[in-house]
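The data blocks that follow each hold one structure.
Each of the next two complexes has subunit A plus one more chain, namely subunit B in the first and subunit C in the second.
The block that comes next holds the complex of A and B.
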């Protein structure tokens, strides 16, 4: 990008950013402009799904053409994508009718079911991963994590004599976990403000090169 | 937005702007003015990319569900900056970097990041990196499942999972560990960050993601952004600790502590 193009993109980004910020803070006339900008952003973001679909199809067509690892799955993915798109078009054209709609049935009986099964695996992945981590290197954070995980799991057991563990679990969640979470969120918020300000004053180079 | 919030927000933004601009000027004049604290993840990252190049295997960078135009815009920009630094280093290798996103609005951002990374190396004509969108959204297990497949199919050497992830990050990191692939992860979601802290070696925590440019880029403006974060954090700590100390002093001395401070400050 030439120097002029760089200056132009910077000016556009800074101008739109400052106007939106002013609108959000001051309201009134600037508020109306800010809302308009935000609406344009929402429409652009919706159009990005088309870019995503084109990307998805392009990546998997390429994988099949070059016979790269897992290309068989790419065929299944492409067929599923085309199949669901066709189903949706037929639904919209009232060719396929019925309640619930076929795409809803697909979503609920295929995607939700598979995602639920995967969600069940998250706990095992976490425990197995923590064990592997401890086997590789015993660190204070790894030990602390394992200890807290054991206390939380044991405290959640519906046993009469596990009450002290339940109390410890409640305290852990209410005090150290809550404090740590707030600390992390505050840190992220501060960093977001500084990074956002860098974009607004033109120090970020993502739109300058 | 009520009046007090409006004033406070404006003050914080102005403070951030003033600190960023001032610190940049100071650091431009004296580069050794501020020594950045050690963040192990940024220390080891260039070496990990080097190992991937030597092994002729790709580096995998994922932004998770961070995207442009919503609440995670700044996170997406910060993650893209980290991706830029890594992709620039990986560009000289035979195996091009792989960038994965769950939010379609992040596709143009990472495409451009990849272009800039190759252009910075003078390799824009031979750009080969791959940007992949796996539909998912926030906390998507489908996205996590797609990533676990990518790790195996593409024989990834090292993973940089920095963006917006939930607890499903455990599936990806566990799959990477099973394949002896290194992982550096961080998330703006608490569940994802908790998983990242345990499974990432070494971990990145919360706001450290936003400091990537300062640590890996090193221009005065980028370093100034890290310093501005540190100054604001220090001010925030003081803003929390001072009222706490006064309240504690009052509780112990029956309200005489704040009266003494008032007298010291000339309040009679």
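The block that comes next holds the complex of A and C.
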């Protein structure tokens, strides 16, 4: 049964993968089939997202039930989720009305505020990381990294417009940075092609674990 | 006080709670983070159901125009989703492998076509044509791309003593590629600093505006 199940999963991955590839390349009838497969994948992925959220809530519910460390925070998390869902249901039932809708206010004022504050907090981590790099043993790579970092930061100052620093910054971004980024992106694309081919010819079967 | 005003003040309080992390990990920061995760879970659920699942069910299972074929097609992803549910069980986890295999198979084909038509061909063509537009900078660009790719060249010859070594040409070009990679990483780091600085200053402006009533 185990071997049969493994063969079936491999057949599903390879078969549907090759059919989708054929549809995306050839179009026509196979293209329609490929689009259907992609739609089914999106819906299945959406179901997976809901399962993930149910699992998250289940884990926190278990933490509250067993009074494990940090269970108070779990109550806050569950209340926040239930609160949003309740607001949404009340809106749909036309019990809560108003423009903008309460869920929109909650999203724009609270969710976005917390997100922005967390993104702003990254500044401290980045600056601290850069300082730690400077404190480490001096190396050619570290020096080059710091030099580029400082030139680009100084070049971004409004005062630096049309000065040699701004020109150096523009050249750095247009030539070496662009070249490095293209090289890295091409490397990622090549690795994607190799890994994809390995999956489609059945060499990589990590989905059976 | 209107709902919007309450929302703005709540945003103000949560921003301060998040920034309290500068003083060290504390209860206010943790509360704000757990609220954030809880709200995000709620919103993701709403968007997934409202924008993905319900339109699919309405368009297939509940559509009067859908025949038996439409209903079967409508049920398939829901069945696959149900199979994924088994992945949470150690005993029945294998049943979910079919759904995972389907997602990986289709996803691989999409990624393959996307990588070739969206990245490989356009970037290679753009790099090649850059030489025609500006000879010196175009040549440097092409050299940078080739040397960066060479830096990730891991093929090496095994020597009689068991150690491996890449050829001199690959090592030299790879060293040049390392230069381009470091410059790129420095630029990305400065971009991240500038972005977070912009967001941070916007948040500080928001806090000041709330306090001064602006």
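FYI, the second predicted complex is superposed on the first by the 188 of 209 C-alpha atoms of A that agree within 3 Å, B and C clash if a C-alpha of one lies under 4 Å from a C-alpha of the other, contacts with A are read in each partner's own complex, and residues count from 1 in each chain.
Please note the rule applied: a residue touches a chain if its C-beta (ideal position, glycine included) is under 8 Å from a C-beta of that chain, and two chains touch if they have at least 3 such contacts.
This structure is a prediction, so every number in the text was calculated from the model and none was measured.
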- Message: Touch test for A:12: subunit B only (first), subunit C only (second), both, or neither?
- Response: second
- Tell me which partner A:59 touches in the superposition: subunit B (first), subunit C (second), both or neither. first
- More residues of subunit A in touch with subunit C or with subunit B? C
- Task: Classify the contacts of A:172 with the two partner chains as first (subunit B alone), second (subunit C alone), both, or neither.
- Result: second
- Query: Thinking of the overlay built on chain A, is A:132 touched by subunit B (first), by subunit C (second), by both, or by neither?
  - Reply: first
- Message: Once chain A of both complexes is superposed, is A:164 in touch with subunit B (first), subunit C (second), both, or neither?
- Response: neither
- Query: Touching A:68 in the superposition: subunit B (first), subunit C (second), both, neither?
  - Reply: first
- State whether A:85 touches subunit B only (first), subunit C only (second), both chains, or neither. second
- Common interface residues of subunit A with subunit B and subunit C? 21, 24-25, 41-42, 44-45, 48-49, 51, 55-56, 73, 111, 114-115, 118-119, 121-122, 126, 130, 141, 145, 181, 184-188, 190, 192-193, 195-197, 199-200, 206
- Name, in rising order, each residue of subunit B that touches subunit A in their complex. 1, 6, 9-10, 12-13, 16-17, 20-21, 24, 67-70, 74-75, 77-78, 80-81, 103-105, 107-109, 112-113, 116, 119-120, 130-135, 140-142, 144-145, 149, 152-155, 167-168, 170-171, 173-174, 177, 188, 190, 193, 195, 197-199, 201, 203, 205-207, 209-211, 221, 224-225, 228-229, 232-233, 236
- Residues on subunit A engaged by subunit B in the complex (per definition of touch): 21, 24-25, 27, 41-42, 44-45, 48-49, 51-52, 55-56, 59, 68-70, 73, 111, 114-115, 118-119, 121-122, 125-126, 128-130, 132-133, 136-137, 141-142, 145, 181, 184-188, 190-201, 203-204, 206, 209
- Item | Contact footprint of subunit C on subunit A as seen in their complex | 2, 5, 8-10, 12-18, 20-21, 24-25, 34, 36-51, 53, 55-57, 73-74, 76-85, 88, 98, 100, 102-103, 105-124, 126-127, 130, 141, 144-149, 152-153, 156, 171-190, 192-193, 195-197, 199-200, 206-208
- Query: How about subunit C: which of its residues touch subunit A in the complex?
  - Reply: 3-4, 6-8, 10-12, 14-15, 18-19, 21-22, 30-46, 48-49, 52-53, 56, 73, 76-78, 80-82, 84-85, 87-88, 94, 97-116, 119-120, 123-124, 126-127, 137, 140-149, 151-152, 177-187, 189-197, 199-200, 202-203, 206
